[in-house]
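Shown below is the structure under consideration.
The first chain written gets the first letter, and so on, giving A, B, C and D; residue counts start at 1 in each chain.
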Amino acid sequence: MRLATEKDWTHKLATIDPRVIFLLLLISVATPLLMPFGLPVGISPPTTSTFKFIEGLPSGSLVVSAFDMSAAVAPECYPQVAAFTTHLKNKNLKIIEVAFDSAGPMFADQALRDVFGASKDHPLYGKNFINLGYIAGGEAAMKTFAGNPKVIQKDFYGKDVKDLEIMQPLSSARDFKLLIVISGSQVDNFVRQFGDPHGVPIVGAVTAVLVTRVMPYYPAKVVGYLNGLRGAAEYEQLVKRPGIALAGMDAQSAAHLLVIIFIIVGNVGYIVRKTRRPS
Amino acid sequence: MIGLDARLVGILLSGGLTLMAYSFLYRENRVSRIAEHIYLGAATGYGVVLSAKYVYDNAAVPLAKGNTFWAIPLLSSLLLYFYFSKKHFWLYRLPTAAIIGVGTGIVVAADFRTRLTEQIKATLLPLFVANDPYNTVNNLIIVFGVLGALIFFYFSKELKGPTRTLADFGKYILMVTFGASFGQTFMARISLIIGRVQSLYIWPASILLPLAAVLVGVAIAWDRRKQRTPRVSAGK
Amino acid sequence: MIVLLYASRKGRVPKIRKLAAIDAIDEAIGRATEMGRPLHFTPGIGDFYGYDAPMTIAGISVLGHVARRVAQYNTPLIVTFAAPEIEPVITDVVKQAYLAAGRPERFNPDSIRFISTRQFAYTAGVVGILHREKVAANLMIGYFAGESIIIAEAGFLAGAIQIGATANTYQIPFFVVACDHVLVSEELYAAGAYLSKDPVQLAAITGQDWVRLIAAAFLVAGCVLATFGISWIADFFKM
Amino acid sequence: MKLKVPLAITIILVLLQVTDYYLKVPVINTVAANFTVAILVMSAIAVGIGIISLTRIHVRRIVKKRPHSLESAMMLITLAIFILVGAVLGSGDPSYIYMFQNIIVPLDSAMFSLAGFFMASAAYRAFRVRSREAMILLVAAVIVMLGQAPIGEAFWSGFPILSQWILDVPNTGGVRALIMGIAIGMLSLTIRMLMGHEKGYLGTGA
């Protein structure tokens, strides 16, 4: 190759410094968060069926939120949790929060504080909602909890669980009217331990990466799911509580567009160079 | 409980750490290295605490209550620590062999069923659906895609003729799969950046932003000057 | 099924097509040697438990071959991992390899580095090592999850030649995009056998092909029958 | 002795777990279940090995005054703080939650989100129409990206539908073939282990 082409514009287009891409990506995410342009977000069928399912539950039903999420996926999963918890509160459903990942109880606590205004000090704590904390052991722990939810002695804050009203009518997972799985790793284990043996309907609050793994169970075992941050944004619209997910959607659009533009730019440089080379 | 001031300090701390970690995007530097090492210490320490709690709650407490079964894993895992002995080094292999045996045994048994036979079963689709060209085409793509991709990995010899064509089709299907997976994951990772940036907009973390911008500007100017003065510092 | 094939195939060296990505391992070692810079190997964040176990084992098996070669050429080696229980095994493998190459004195215990049990703390550590130690070749062979693109892209930015291999299907695209060579899914399991050149191990790969053909045959037959509404093959798989 | 005993342990335990999965024999099921929980405890205890060697590497770095000893010192200090506070106050204590929320959470998600930046630069560099394969990968990725973000719908309402089709049909085919292949590969690896040919995991190298 001749050295002169090194200064060529096509060469420049084909070899942009990665740091330029990093910076532009950061700007494309940061700007719409400050100045949203409000593109409409369409609502997909899995989100609608999730919403309809919860709408159809009689008030006072027991719903379990299973936090199987790590801190790393919180930006995707937590907005979903907030939207779900709001919906459950509006429908006056009872919420049992339990965690199968060590980071889970922290986010369970945060959800209560964000939606109800307080967690363990709220007058309804123990009546309408409870944070049972983390149970170690992965799928084995799920199996144990599904068989006997009262196996847990103390909640996350160290209160004796048996004194709390919400736990009284429970005998097994059959008493759960819905299981919300908040996860960035898998739902298969919940289907195996709750869905199949106890017939508990499952809703997935999952990361976008996980969606391809949820699809085989939808709609038979998993009655609905939210697709990452976008799913959260859709749900925020349905429960009429626009939040950080909806605010993030424009940033999402801008970032996707930017990367597609970069792919095109890179290819233009590449193709032009390739067609020129023979001459 | 933690008061309001602690909350503000927390926001500042987490915002600062985020920016320190992001400084790596410009290049590896002392600030990003410090963030990396704080993270290593914190996360590893947290992992130790949780593991210790798990062993304590699930093995030590039952043992103290008289369930002697738990003495077996507790004692045999001590053999692992012969790793540090020069003479009886090999003893670590006994508990490791047990861990591997149970670990692979569990997977292989379940996997042969869920991954192989269940997947074959799910792929047994009719190749022609009457009056439904859409599903016919979809079924054909799935069935020939699976077949082709399976054959694509054929190790015994190079493929030729019609099997080559089938394997090529399989390869293209695999490429679509990889592309789709890339696109889906990209959305997820952008969400994470959004989450970080949103947390930086919270007061008082937002006061860090102009500070970071100035620092990055200085770093760029510094690097430019270094580049112009020919090779003063041979290191970087 | 495979056991039968095993017995019948002992004593005959089966032919295997060339796997370019595995052959590239030698190329990578050669490059690191020429440049006098280290080679980084990681079996990923897996341990010996659950789905990651076989991938970790396959990765360690490749490490044995890599370490032997590296010992011969006296190329600096760095091995990182995230599960503490695999540390003794890794040390053992690398030590034995140096011994087998007749160079036990070249083994440096500092080259075996546990980083952290937490996924992204591990990632941060590896990314730091790739840059600081100016790694010339980066081999990622084992179980990888969300950190794959971070390590692979950091390796690229550090200017390393890279080979990625994992059977975690969701991560293969990132290796495809960022690495020079990729072992796609099951090629990972074949790698150890391929490198060993041991006839019996190679026979196992041939056995793998037989199972593959049988599965394909079931598929073809089942689909043809399903087209005419007959489902007894599907029923057979219900067991 | 040094190899045969561990090899025998592995083989027996693999066979035990496989029998447990396919046969419902109460004795075997109980023994297998006990081994499973015992192993969880054993791998938790193994974390100690990691801590010892991690500390060793960093202490050596500081003692020998190698580059980056300041960073090593910071890492040892944070490690000690997190272990001590966790051991003394317990992992559910508000101060531990505070440390977790303000140190581990931001760094965890900041590190993970680096993946987003790196995916962007990798996509720019690698998604070139070099070959038919590369082009297919690129097109599929772009369609899915457009299908996921609201901007795709704003351009053309067909993007979400097309991207869903890609996920449902060709993607399903590809993923199925991959996981079937992996199951076959794993089976072959396990059989090699059971026959005693694959001993790499016992420190023999191959």
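Just so we're on the same page, contacts are C-beta pairs under 8 Å (C-beta built on N, C-alpha and C of every residue); 3 or more make two chains touch, one makes a residue touch a chain.
Note that the coordinates shown come from a computational prediction; the quantities given were computed from them, not determined experimentally.
Asker: Spell out the chains that contact subunit A while also contacting subunit C.
Answerer: Where subunit A and subunit C share a partner, that partner set is B, D.
Asker: Strictly by the touch rule at the top, which chains does subunit B share as contacts with subunit D?
Answerer: Common contact partners of subunit B and subunit D, which must touch each of the two, are A, C.
Asker: Based on CA centres, what chain would you say lies at the far end from subunit A?
Answerer: So the chain farthest away from subunit A turns out to be C.
Asker: Decide which interface, C-D or A-B, involves more C-beta pairs in contact, and give its chain pair.
Answerer: Here the pair linked by more C-beta pairs in contact is C-D.
Asker: Take the average of all CA coordinates in subunit B, do the same for subunit C, and state the distance between these two points in whole angstrom.
Answerer: Distance between chain centres, rounded to whole Å: 16 Å.
Asker: So what's the Cα centroid distance for subunit C and subunit D, whole Å?
Answerer: 14
Asker: Measure off the straight-line distance from the CA centroid of subunit A to the CA centroid of subunit D, and report it in whole Å.
Answerer: Between these chains, centre-to-centre, one finds 20 Å.
Asker: Where in subunit C do residues touch two or more other chains at once?
Answerer: Expected reply: 47-49, 54, 57, 85, 87-89, 91-92, 115-118, 120-121, 124, 132, 146, 169-170, 172-174, 176-177, 184-187, 190, 205, 208, 212, 215.
Asker: Residues of subunit D touching 2+ other chains?
Answerer: Those would be 36-37, 39-40, 42-43, 46-51, 54, 68, 91, 100-101, 104-105, 107-109, 111-117, 119-121, 123, 125, 127, 137-138, 142, 145, 148-149, 167-168, 171, 175, 178-182, 184, 186-187, 190, 193, 201-203.
Asker: At least two partner chains per residue is the criterion; list those residues in subunit A.
Answerer: Residues 18, 22, 25-26, 70, 72-75, 102, 137, 208-209, 211-212, 230, 252, 255-256, 259 of subunit A touch two or more partner chains.
Asker: In graph terms, with chains as vertices and touches as edges, which category applies: line, ring, star, complete, or other?
Answerer: The chain contacts form a complete graph, every chain touching every other.
Asker: Can you tell me which positions in subunit C touch subunit D when the two form their complex?
Answerer: Those residues of subunit C that touch subunit D are 2-3, 6, 47-49, 54, 57-58, 60-61, 63-65, 67-68, 83-85, 87-89, 91-93, 95-97, 100, 110, 112-118, 120-121, 123-124, 132, 146-147, 149-150, 152-154, 156, 167, 169, 172-174, 176-178, 184-190, 192-193, 195-196, 198, 200-201, 204-205, 207-208, 211-212, 215.
Asker: What does subunit C use to touch subunit A in their complex?
Answerer: It comes out as residues 119-120, 146, 157, 170.
Asker: Can you tell me which positions in subunit A touch subunit D when the two form their complex?
Answerer: Subunit A reaches subunit D through residues 16, 18, 21-22, 25-26, 39-42, 44, 70-75, 102-103, 105-106, 109, 133, 137, 140, 156-158, 208, 211-212, 215, 227, 230, 249-250, 252-260, 262-263, 265-267, 270-271.
Asker: Flag every residue of subunit B that touches subunit D in the complex, lowest number first.
Answerer: Its residues touching subunit D are 1-2, 6, 10-11, 13-15, 17-18, 21-22, 24-25, 30, 33-55, 58-59, 69-70, 72-74, 76-78, 80-81, 83-84, 90, 93-113, 115-116, 119-120, 122-123, 138, 141-150, 152-153, 170-187, 189-190, 192-193, 195-196, 199.
Asker: How about subunit D: which of its residues touch subunit A in the complex?
Answerer: Residues 36-37, 40, 91-92, 97, 100-101, 104-105, 108-109, 111-113, 116-117, 119-121, 123-125, 127-130, 138, 142, 145-146, 148-154, 160, 167-168, 171, 175 of subunit D touch subunit A in their complex.
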